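Next, two complexes with subunit A in common: one pairs it with subunit B, the other with subunit C.
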Partner chain A sequence: MAVLHAWRAARVTPLGELHAPPRMTAALVRLVVQVVLVASLWNGLYAHAGPTAGLSRDQAVSYAVLAVLASRLRELDQYAGRDTVLQHMHFGTIVYWYLRPLPPARYHALRALGEQVYGAAWALAGYAVCLATGVVRPPESALVAGVFVVSLLLGQLVLYFVMLLLDQMCFWTLRNNAAMLILVFAQNLLSGVYAPLWFFPGWFRAMSAFLPFQATLSVPLSLYVGRIRPADAAGQLAIQAAWAVLLFLLTRFLWRRAARRVISQGG
Partner chain B sequence: MSGSIEVRGLSRAFRSTVRRPGFAGALRSLIDPERVTKYAVSDITFDVAPGELLALLGPNGAGKSTTIKILTGILTPTAGEARVAGVVPYQERERNARNIGAVFGQRTQLWWDLPVRESFAILRDIYEVPRAEHAARLREFDDLLELSAFWDTRVRHLSLGQRVRCDLAAALLHDPPVVFLDEPTIGMDVVVKEQVREFLRHQVEQRGRTVLLTTHDMTEVERLAERVVLVNHGRLVLDGTLDEIRRTYGSTWQVRVTLADAHAAVVPLPGIALLGRDGPRAVFGPDGSGAPTVHQALKAVIERYEVTDVAIDEADLEDVMRAAYVHAGPAVEEA
Partner chain C sequence: MHAVRTAWRITRLNIRAQMEYRVEFLLNIAIGAIWQVSVIVFATVLLARFSGMGGWDSSEVLLIPATRMLAHGLFVLFLGRMHGIGRFVQEGKIDIYLVRPLPVHRQVQLEYFPTNAIGDLTVAAGLMAGALGRSHLDWTAGRVTYLVVCLIGGMLLEAALFTAVACASLRFPAAGYWGRWLEELLGTFGSYPLNVLPKAVGGLLTFGLPLAFVAYFPAAVLTGHGHDTGVPYWLAAASPLLGVLAYLAARLLWRWSLDHYTGVNG
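Right, the complex of A and B next:
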């Protein structure tokens, strides 16, 4: 039965997407446009330049396009489904999370897992098309591919906890819009979605090394394109795992505190 | 399982910051915030027997919803104790969750983007309800609430009445012995309200569920509840039957008579005050708490004066509750 409820909870958002074809169409169009624009941009930037910041043109384009595809992993429209924690706090429906024999922390994690698996299906489909059309080059070896997958999974775990921290903030502030805007920008910048971190100055990379963001995307993508060699992967994976453990402990603590602060609007 | 509710000396305090008026006040509040403790619920004690429907009444901000939130395990009380079906709800939240169902007004627990039946299926699996049992219960609810006409519709497309009916079904799908309903029929039309009342009556009388209901709809109270608990300013004011409340607060009757002699001298009678006089017309009302009932008053007036016409205005339950709210309770306790 535990498997059943896990399955039911995990598929809520993907099922909501399937019931809203316009949203899926919009997501598809956006993904195609982003991939085309990003590939064009990086090809253009490298048109008259050799390897820069340790990345060749193929590496840079692959990195940038994979970043777009990976962003799709957690980009479902929960807001349209009135299903963000922020909205549940606003409408007072968060109380129902605490009225079920399923701990809110587990429910939240199952929902995120379902979303990430669904997003992965989109990303994989996009990856297959990009690979077939030569936009993205394949990993250099099976070892690189394997290390990339492990690193990507760890990165998604770190990303989940970072997003969870934002959701948990709503229990104290009732709103997280400003924090969300800052975080989305920081996440995109510091994880290398806008541009590979290798293009940033040394001090910037040193600073970002103390933050969890580069563990979410920059590390796995750098492993994929060969900017980080497999021989150096162990240390990076360890750092990712350390962030995952640290954030897990922090968010677990905050779930306990949040339970004391379930205040719905009115009444 | 016994669906009783026991509440003993329950209190819940909230700390908040006093917002001073004006720009300077706001600045001062920022630098030197003044914190106050307010009691949303203070020393409340009552019981609900298994299979009983109790109406928890009170004006806005009286503490009804806070009480329900404590009993559902969402809030922890500052003092006192509560047991719902033998479980302390705020200590054993998950165990309590299996024993209770709840509907909070227009706040839906259904998934906005999914058809209603998907929401039901999610809840079935979360509560681990066997499929055959779930199907049978769904059929029963459909008979009473006519859900099948719209249960394949996405929740976002339902009308309020349809959604609340679905929410009621969702709250009871796991067969809880205790149900908490916080203003479940607010904003609904009269037809749907009656349908919901019929459903609740069925759940109490046929299924033996214990229901704790809060509402501002006195028709609902009259039709569903035999017993009410009245709270005001966080304190319990009265725990009794509707008749007892009427006896305590309902003496807001008026006896209007037309006197045969327009110039006859009219004097107050024991327990009966003369409220107004306009030529032959006189209006009598209760005088103090020991006033007679409207029928006793009518008899006394007719025996004392020669009248050609008589009319009675008796307070309905809404008037009674208004009188009770105005009369009841000390100010909110602050520290």
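Right, the complex of A and C next:
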């Protein structure tokens, strides 16, 4: 029964997407164009340059294209379905989350899981095409591939908790639009979506080492392209796992505190 | 004159409304600034690692993001509310606008005050000052005038693109998705010389999505690279005019789309 509930909650957003063909077409066009543009940019930049910041041309192109594909993992439009915490706060419907047989924390996690699995299908299909066309290099060995997958899963877990923190912020501030945009920026910049972190000055990389963002994307992608050797992977995976545990405990605590703030106006 | 007075009164009320949530107000200013800083970071990291990008020196390249960001800041301040049309349709606001005695377009623009534009414009002005300070060009009255005209042209071109997306949103509210992507594309690919890209891709960003006309071509003309852009010099130089024409066309499209608007309830 619990599995059935989980399945029903997890598939809500993907089903919404499947019933909106224009949005799916848009997602496909956007993904293709973005991959072509990013690959062209990095190939163009490396046209007159050798290895830079420890990354060869192939490594930089693979990193940048994989970053585009990974960004598909969490790009579903919950806003269109009016099921973001922000919207529930605005319309006062957050109280329903507390009246259902499914606890809000689990509902939130299941929705995110469904979105991420759906996004992963897109990312995998894109990866297969990029691999077949030679845009992205395959991992050096089965060991690298295995470590990359583990690291990517941990990274997605960290990313989920960071996004959850922002959602939970709504319980105290009612609105999180501004904070969400700042977070998206910080996430893109500090996880290496704009440009691989290896291109940034030393002080910048030292600062980002103390934040959870690089654990979301920079670490798995650096492992994939070989910028972090498999021998050094254990330490990086441990840091990712530590962030996941720390953020899990913090968000669990906040769910409890948030529940005390929900009141149903009008009795 | 009456219209300007009304718009100013509504704007003042909007600013007061935004200041009701003080933290959100300050965060919004910060967002505008931070969003633009990301563009600067991207451009400077690339400039530091790959000097002489596309045959341009770094002071010349800086003029591209500076022009684009300033044009973008002006767009956000004066014409930027087009982003929210999909949401306005879903919430039934367009239907309300239609029965009020002000043009719908103006009501959309006066829906709220774009606090983030303050941050946008502050950072953009700072970058422009930096770019002009590092520039080796002789900034004659003619060059300065051309730069100002290009900023207005860039603003109108960006407004035209977002107005076109807004027209689509009137029919398909989910089209706002394209708007977010457009903003991202303008931010990333509008900030450096497009001649580093393969010709086909550069052509796509010139004739498919006229991103090159916002800042790349104007900066190329100003810095003497106008003959190496892959398009005739006159076309690159006429970028501001293209902005005006595109905006007029977009407003016609807006009027047509509004005439065919059927509302959320059919």
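List of remarks:
We take it that the second predicted complex is superposed on the first by the 262 of 267 C-alpha atoms of A that agree within 3 Å, B and C clash if a C-alpha of one lies under 4 Å from a C-alpha of the other, contacts with A are read in each partner's own complex, and residues count from 1 in each chain.
In this section, a residue touches a chain if its C-beta (ideal position, glycine included) is under 8 Å from a C-beta of that chain, and two chains touch if they have at least 3 such contacts.
It should be emphasised that the depicted structure is a prediction, and the values quoted were computed from it without experimental measurement.
Considered on the superposed subunit A, subunit B and subunit C are sterically compatible, since they fit side by side. In the superposed model, A:C170 makes contact with neither subunit B nor subunit C.
In the superposed model, A:R8 makes contact with subunit B only, not with subunit C. Look at A:G16: by the touch rule set out above, it reaches subunit B but stays clear of subunit C.
Of the two partner chains, neither subunit B nor subunit C is touched by A:A120. Of the two partner chains placed by superposition, only subunit B is touched by A:R260; subunit C is not.
Using the contact criterion defined above for the overlaid structures, shared-chain residue A:Y98 touches subunit B, although it does not reach subunit C. By the document's definition of touching, of the two partners only subunit C reaches A:R30; subunit B does not. Annotation: superposed on chain A, subunit B and subunit C show a minimal Cα-Cα gap of 8 Å.
The residues of subunit A shared by its contacts with subunit B and with subunit C are 20, 80.
Only residues 64-66, 69, 72-76, 93-95, 97-98, 100, 102, 104-105, 107-109, 111-115, 118, 121-123, 125-128, 154, 156, 182 of subunit B touch subunit A when the two sit together in their complex. Of all residues in subunit A, only 1, 4-5, 7-9, 12-13, 15-17, 19-20, 80-83, 91-93, 95-96, 98-103, 260, 262, 264, 266-267 touch subunit B in the complex they form.
Those residues of subunit A that touch subunit C in the complex are listed here as 20, 22-23, 26-27, 30, 36-37, 40-41, 43-49, 52-53, 77, 80, 173-175, 177-179, 181-182, 185, 188-189, 194-195, 199-200. Considering their complex, residues 21, 23-24, 27-28, 30-31, 34-35, 38, 41-42, 45-46, 48-50, 52-54, 172-175, 177-178, 181, 185, 188-189, 196-198, 201, 205 of subunit C touch subunit A.
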